[in-house]
Amino acid sequence: MRQVVILINLKTYREGLGQNAHRIARAAEEVASESGALIGICPQLVDLHPLARHFEIPVYAQHVDGVPPGAATGHVTADALKLAGAKGSLINHSERRLTLAEIEASVRVCEQNGLTSVVCTNNVMTSAGAAALSPSFVAIEPPELIGSGISVAKADPGIIRNSVEAIRKVNTGVKILTGAGIQSGDCVRIAIELGTDGVLLASSVVKADDPGAVLRDLVSQL
Amino acid sequence: MRQVVILINLKTYREGLGQNAHRIARAAEEVASESGALIGICPQLVDLHPLARHFEIPVYAQHVDGVPPGAATGHVTADALKLAGAKGSLINHSERRLTLAEIEASVRVCEQNGLTSVVCTNNVMTSAGAAALSPSFVAIEPPELIGSGISVAKADPGIIRNSVEAIRKVNTGVKILTGAGIQSGDCVRIAIELGTDGVLLASSVVKADDPGAVLRDLVSQL
Amino acid sequence: MRQVVILINLKTYREGLGQNAHRIARAAEEVASESGALIGICPQLVDLHPLARHFEIPVYAQHVDGVPPGAATGHVTADALKLAGAKGSLINHSERRLTLAEIEASVRVCEQNGLTSVVCTNNVMTSAGAAALSPSFVAIEPPELIGSGISVAKADPGIIRNSVEAIRKVNTGVKILTGAGIQSGDCVRIAIELGTDGVLLASSVVKADDPGAVLRDLVSQL
Amino acid sequence: MRQVVILINLKTYREGLGQNAHRIARAAEEVASESGALIGICPQLVDLHPLARHFEIPVYAQHVDGVPPGAATGHVTADALKLAGAKGSLINHSERRLTLAEIEASVRVCEQNGLTSVVCTNNVMTSAGAAALSPSFVAIEPPELIGSGISVAKADPGIIRNSVEAIRKVNTGVKILTGAGIQSGDCVRIAIELGTDGVLLASSVVKADDPGAVLRDLVSQL
């Protein structure tokens, strides 16, 4: 059986910055150890190096540019992520959209540097398009569910089901994450039942008073 | 047998603007009529309406935004293209890259307005990615060939062949154009032999002293 | 006394497209003739050429790229606008933001082609920044007022007043438009009293059942 | 007399990453101490926190987004830079252009977080435009000089002189850096004589076998 993946995107929340990021990473490490789930954390770049140093759970960047080392001021190179201890990176998050050519280049530099690539998508068609680029993961973020307070457990799961089907037609090997509408253990269970390998989530963990309690609930039905 | 497609991108060349655009359209109409090839023209937007009025060959926009009518100042809507007489639009040209989400949205608004969508791509993987979005055409523009003076007839055609193969795995119905390195009738013949439905080209026609002569050469081996 | 300027941005509204654009242009031409105000119209690009052909009021593009003629597929060149009969162009509208370098380049290509440049800005500081680029006009569009239903006649006019003051410190010659919150003749009068040369507006004219009546009201207190 | 400022932009060069960044920072700290010049370093974001921890010289980011903390995945917030120990940030570098509205927002979030803002510009007009936004510094990077191998000491310094003059008309307080064409002590001296407060440079230090020797040469004529 595949290991369930839970990626926590700290975004640019204050509650996920600096010592707060460490606090969430510590909770994630505990719950990962207890549950056997793979729990990863996606901090701001300034926190990546210290978190990768202090914790054993995988740390991912929120963005990587598909450019080689060189004259690219203000960009994020895959070799810099690797050297800082990152395990991989989100790519094309709904808050940081890239061109098709850039997404493909980002996936390739991840491959070249041994990094896991997680390409975010917004609907059935773009999920298939992303899968055709052969990233490690496609994370489906239907805009209907993002920040809507609607959990995938209660909403019509058709968009996730149809996306999984469209992805599988194009690429049988890519892993898939349910990337929006995740609030509880019910949601994670349903995400797995729909054929995805795990979840990508943010505020419900990052803004929680007790991130560990939320994470324990998320893995409770695995 | 499928009708061979020749799309002439006028870009923003002075030689393809206003009366010059009319001159090229007239030549294209003649050669299309003589040869039976489908020859289309992609002018700047200000020329689209007059060209569609005066000529019977299909006229395409160089770009369309996947936004609905409304508050999108400075954008190009599909309904405006349709109303002006356009037959379709290029999307994601190498000189006007779009995000994956935007490309998909542009393809959809073309569908909804009965317009032909021609998505440009830069390599094997992005060609497959674009094909997964189900546009009317994928036009492969390998950067190795763009504006290089290297004709696809003489260069290694592997990138076109591999792109066609990758596209076919994802989408058996989409049409394909060879989008760079086209200079002569040899190139068009090879483009067809490689399994594509035609060509997308620019400067070799637009900057020619006699566009009709170049077009006659292009269709000479069909 | 300076001639009052009223620019009507048709955006991508259906109500401002094709025959609808002609209807609004006709009303604008009548009211301009009656009132002596300079009333201009900013249609989608496909309508620019026909409108410039059929009407005597000035027609402006909604966007222009600061690139020379050449290989810039999907872009809008100043020489194309000029040839199509445009009088000028909006630049950096809130719905089509440009980099500082691009804005400056767009202003320069307008100058070189004898086109009026209207740079849109969002607050006091960016209004000063735009004025330093020496465009023909700065159009101040405070986001607090855009599409808010709040008219500048009733809102605190401090942001317009402070922007005018900041612009004047940098550039005494540039003309200024009040670019949001314009709904009635009161608003136009206040815009003039605040030291601006006129207004840039959209939906209140474009979506009106009787654009002529709205325009007559707008100029009623001049 | 004002302290001369030398900012070293490590870009995304391998030679400026990880332990290489530490090596350059160490050399910079020594030469700053010997010379009294303010020597700052702009690493990739993953190196910012460790460099700020280990060295006393100021460390600057290469880019900052003008967004508040919150849902902005893949962006760089000013509070994150501050918390990681940054002294300030480059903004709108020629390799990472921003819209006018974004530049202004980035300058403001720097102000709010007590960070130094260094806005890069490409010519006389945009230098004046940037100065109107009241950043801490404007860094003039004429494209004619960037990566050209042409030193400002030998090239026509008119563009720097004219930019300084245009900036001063708009803003008497902002500091100015000469941002391209800096290779030697002669260049730094000339940059100061032209009325700028220092220099922003990259490859001549980053790619040097002995960065300390290059830095000693740069400050040799102060």
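Chains here go by letter, A, B, C and D, matching the order in which they are written, and residues are numbered from 1 within each.
The rule is simple: contacts are C-beta pairs under 8 Å (C-beta built on N, C-alpha and C of every residue); 3 or more make two chains touch, one makes a residue touch a chain.
Worth saying up front: this structure is predicted, and the values here are computed from it rather than measured.
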Joint neighbours of subunit D and subunit C, given as chain labels: none
Repeat of the A-B interface, chosen from C-D, A-D or B-C (over half of contact pairs identical by residue number): C-D
Distance from the mean Cα position of subunit C to that of subunit B, given in whole angstrom: 34
Distance between the centres, which are taken as Cα means, of subunit D and subunit B, whole angstrom: 43
In subunit A, residues with contacts to at least two other chains: none
Chain contact topology (line, ring, star, complete or other): ring
Residues of subunit D that touch subunit C when the two form their complex: 92, 97-104, 107-108, 121-123, 125-126, 128-134, 166, 169-170
Residues on subunit D engaged by subunit A in the complex (per definition of touch): 9, 11-14, 17-18, 42, 44-50, 62-63, 67, 69-77, 79-81, 83-84, 86, 90, 93-96, 147, 202-203
